[in-house]
């Protein structure tokens, strides 16, 4: 860091260190004596990506700091919502930027592509840090040729991402915070017994409606009944400690207690104390979805740019990105939470004293 | 409304009344025997606009219903925030659609333009209803050739927009709700005296820093001091009943008490009971800004499409839309609210008992 | 169609048939006596989709008409480019609209979801028509439970999409047009012999650079050499009638001659007569990519809305949409064309008389 | 520039100089001992803007190089179209980025705003260079307090923008290129006499239709006739050297001959030799429009951020940006070109030999 020295009035170019910033674009094709016009775009796109990654990490670190405490004051949840909302807006820009990169034609890319080998965006340490801080763990990652994802990083960079893997991630912290939700049990009122009763009634009605449907063949009835039983099993897994894992599929999964809390927050989001937590969980799902979209857009672009050609690394960029988009999930449970919803009309009513405890101290409405 | 009749399984095309929907595109150029390819686009763009306007009115009516009561339960503010958030997303689509309309070249437009005279998007009743329900009043409107804005509407349509003018608008209801904010005075704690003290200190520091700046000429000092005094006068208008109107400029303006409440909500948004009101006010400003952007994009498009040609109505579409974008404001106070902010470090601290009353009943943090 | 009657001045609401258009929203939940606020959004989103589909078909039909002739005048290619460019802009709106639909929470969807069964967006005839007119054929489609895709359509709708399957599609017409490209052979100048020579030189250099690389293990060398040989085989398939199919994977594939023409157009796009064909092929790939993105966004949304719940039809919407996004391709060859590019510096130079024939008659540059 | 040294395999972080890039964010608030979270966003947003400005200049310089020659080969126009198309996509990102900046609330901005005075985005040299290279000239600029726009720049920066002012701008080069269009006169065929005849017929029909309209009052007839005469005068200015300036209003204006060429290119865009010039002119208008939108979005944001507060410079950012959006135009003639269009059905047919000269040498259509 520079030492602070007495200075005259602040000048825009000095403030944002423009000379240094605009001195970071060194085209390899120019170094090799045959400058390729479009390499500048390639550099600038990656640099703007990295600047935005820095900003995402900045916001993410602020959210992590909020949830790292053993107790999270309710008044801090609003700020966390603002930070996550900003990440979502940044991601919209990241996705929009793919359209700019796509103005480079494959033929123009070939003019300098070989000069870059083996450098690759896959080596972006900041992006790996984002993934790790969100909660991605080594075992969840798609592996390229049996080599760990750190194998293409410098030692120093590998150390940084490994350190981040060991810290409590946003996934861990949110899981803990959800588990501490005080509204999961309320003396006499056993929410889950009530909820289970409503689920059972819903499933019974589904079965009856299938059986009494005159337009279905016996075979169709059997298929549809099997679907109802599958749903019943998944619900059972949410309720019972003895049952299986509530959610399967790629990505990490919340503990049963955390999942129940997330469910409660979504089902009763109108209660004042649950509204911001509801917003926060929705934003975490948005963030995950946007990274998926961004990877899918990049997969399409990789196909367009280098086709199905097998790279020197033995895989095609398209294939890797497409499979990573499918596999690299952290908050999969939040995206699929609606699997366990029941219609609002069938929801157990919260007893008045429970609802009252979820409200504001100041009671006179305006 | 159609009568409900016994029916078989619901079919997608019947559900959304596809036959009827896709039978509404009658090209005037075809009726005149020289079908113009691009007229279809012109019709479809306007029809999708109108469908979205219907949806915006649907959301707006829900928000109006919430705030129409003499007391608004805090748990309803969250839903209002969701409705307004949806309007903002719809507006993003409306703005994006301008890009589609711009794929029509002026030459293609000329192929059917004369067939449409004097029909004009300016006759969209739903858009006028949106404006009126938000709170635009007759006197705030840009007037075309001394004729009221209803002069180009059918009698029936004119009656509808006039009826909407007479109902309490969102502006009126929000103003009332803000005025009822219970936190404007708290027994011993006189927030506004404290705030004024902080403002005065800030202005005094500004004056001192100008006077002691060795790099400014006497003339520059005078100019800058005049700026400080202008700021001081505007602040005075917020505080004192005797002073002038706090905010000037086009658009409607809140009462002093409502303005003070909006200010308080923004300055102390982290207090749980203020966070959703803060989000709501921000979204109202977003909605206004998006309509401004949409009008500006249409003004640009009108210029491109028909140039500066003077229409049969005696005005150019470009000019009307550009001036309306500037003038047709309702929530101008919310967009300019920061005029009355002071840095957070200078904000009066709320006394503990005041803060506590702004919190949740449930006190154990998780 | 309505009969034309003498009329007064055209009124906006009459022109776009506003009354009819705004009378097409009949909420099933209202018919069942428990109106659900968000069903209106659900209807409007699908109706705007269908209006845009109508417009896409309108543009597509114009392009089909251009290419249906046995000879396509060069001056018509510019208009086809404008039509395709418009489709791309419409798709940007379709993708943006997903953000609006996502403002509906799963809980709100559950309020009316059961009322819609078994209606489904999968029954959109216009979307199937778009697919068929682009060139999708029955065998390329993902099949749901061994039932043809027409099984969920009404008889009349099934007949329409089947008729479209039998007509020459855009894929067929573009393939024919490419095959007729006059620049594939030029008397003495055998472009493909020259191109093949350049490819062979490139592959030989690749092999040599692998073998002489001191940092690679023998195993890594073997892997990378295998990659070069795979590339060599794919190139051979482009050149030789006896070799295999140049491109594999889901989607339809061009004849060898059409593929060669597409390659030539891309490699020499700066020659005036090839520039608009280059733009056109790029736009066809854009259109395909945008439908893929749109399906992927819908797959994400389906997951969010109903989770992994198995539908009454026995499949999850998420899964179907995700697999269709991967599989439903028509112009896959255009998206992967760069597989067969070589760097511009290695491209055979066109002889002057060949270049001259690709230019304008008017020779004095301005 | 760094000296090239022997190196190992290229690493992503070294390629894009990541350490240097991510070391350019020095928050003033941190230097002052009270770090403000949102200042990082403020810096990153401005840095990404500047990186994109560098890219825009890179593309612009390539286009300038193409048109700087005294003769522009037709095969270079396609590349210029690609460069301009890329600028348009970059601008979409610039506009999208405003949404990110707007996630900063005014209160958060106040935490560090005073630390930045008097630095301002108005001092962006790259943006001034873009304006100057496009063709903005000193006299076209909005002036702040009678001080030249260079007064807030360092001497070195002022020298750079002044140098750019003296070079031929894109406006100048395009004007020259348009004036050299060879199709403005063709031996016997006097296009402009034909066009004028068509315009006169159109105006005569307009007058007749007004006079014979039974629904108009005498006063309305007079108003509408005056509109026709105004249109007639503007058209006369396009045709006659003796008449006035064809286009008025802010921005620079083409010579009559260049304007005529632009008109011809638009009216007969389907002729092969005119299609790419038509695309190019449309993109120049797009670029101008996007900068206008970007300025308008910034004006809205400035209002939201600092309100109507008068800055130390004596003006409000909102006001400056809004007026600059209106005034800072270069290609105003292209945006308003449709003022001089007539319906296609009334366009003079080009004689066959003229059309043939506008076509390709290769005549057999495919």
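As written, the chains take the letters A, B, C and D, and residue 1 is the first residue of each chain.
The working rule: a residue touches a chain if its C-beta (ideal position, glycine included) is under 8 Å from a C-beta of that chain, and two chains touch if they have at least 3 such contacts.
In this text, all values refer to a predicted model and were calculated from it rather than measured experimentally.
Of all chains, D has its CA centroid at the greatest distance from the CA centroid of chain A. When the interfaces A-D and C-D are ranked by how many C-beta pairs touch across them, A-D comes first.
Each chain gets a centre from the mean of its Cα atoms; for chain A and chain C, those two points are 29 Å apart. Taking the mean of the C-alpha atoms as each chain's centre, chain A and chain D sit 39 Å apart. Averaging Cα coordinates per chain places chain C and chain D 32 Å apart.
Contacts with at least two other chains are made by residues 9, 105, 269 of chain B.
Those residues of chain C that touch chain D in the complex are listed here as 9, 71-76, 78-79, 177, 180-182, 215, 269-273, 275-276, 356-362, 364-366. Touching chain C in their complex are the following residues of chain A: 34, 105-107, 109-111, 113-114, 223-224, 227, 230-231, 234, 247, 249, 266-267, 269, 282, 285, 289, 292-293, 296-297, 300, 303-312, 314, 322, 326, 335-345.
The residues of chain D lying in touch with chain A in their complex are 1-2, 4, 9-18, 20-26, 28, 31, 37, 40-41, 43-44, 46-48, 50-52, 54-55, 58, 62, 82, 85-86, 89-90, 92-93, 96-97, 99-100, 103, 105, 115-126, 154, 157.
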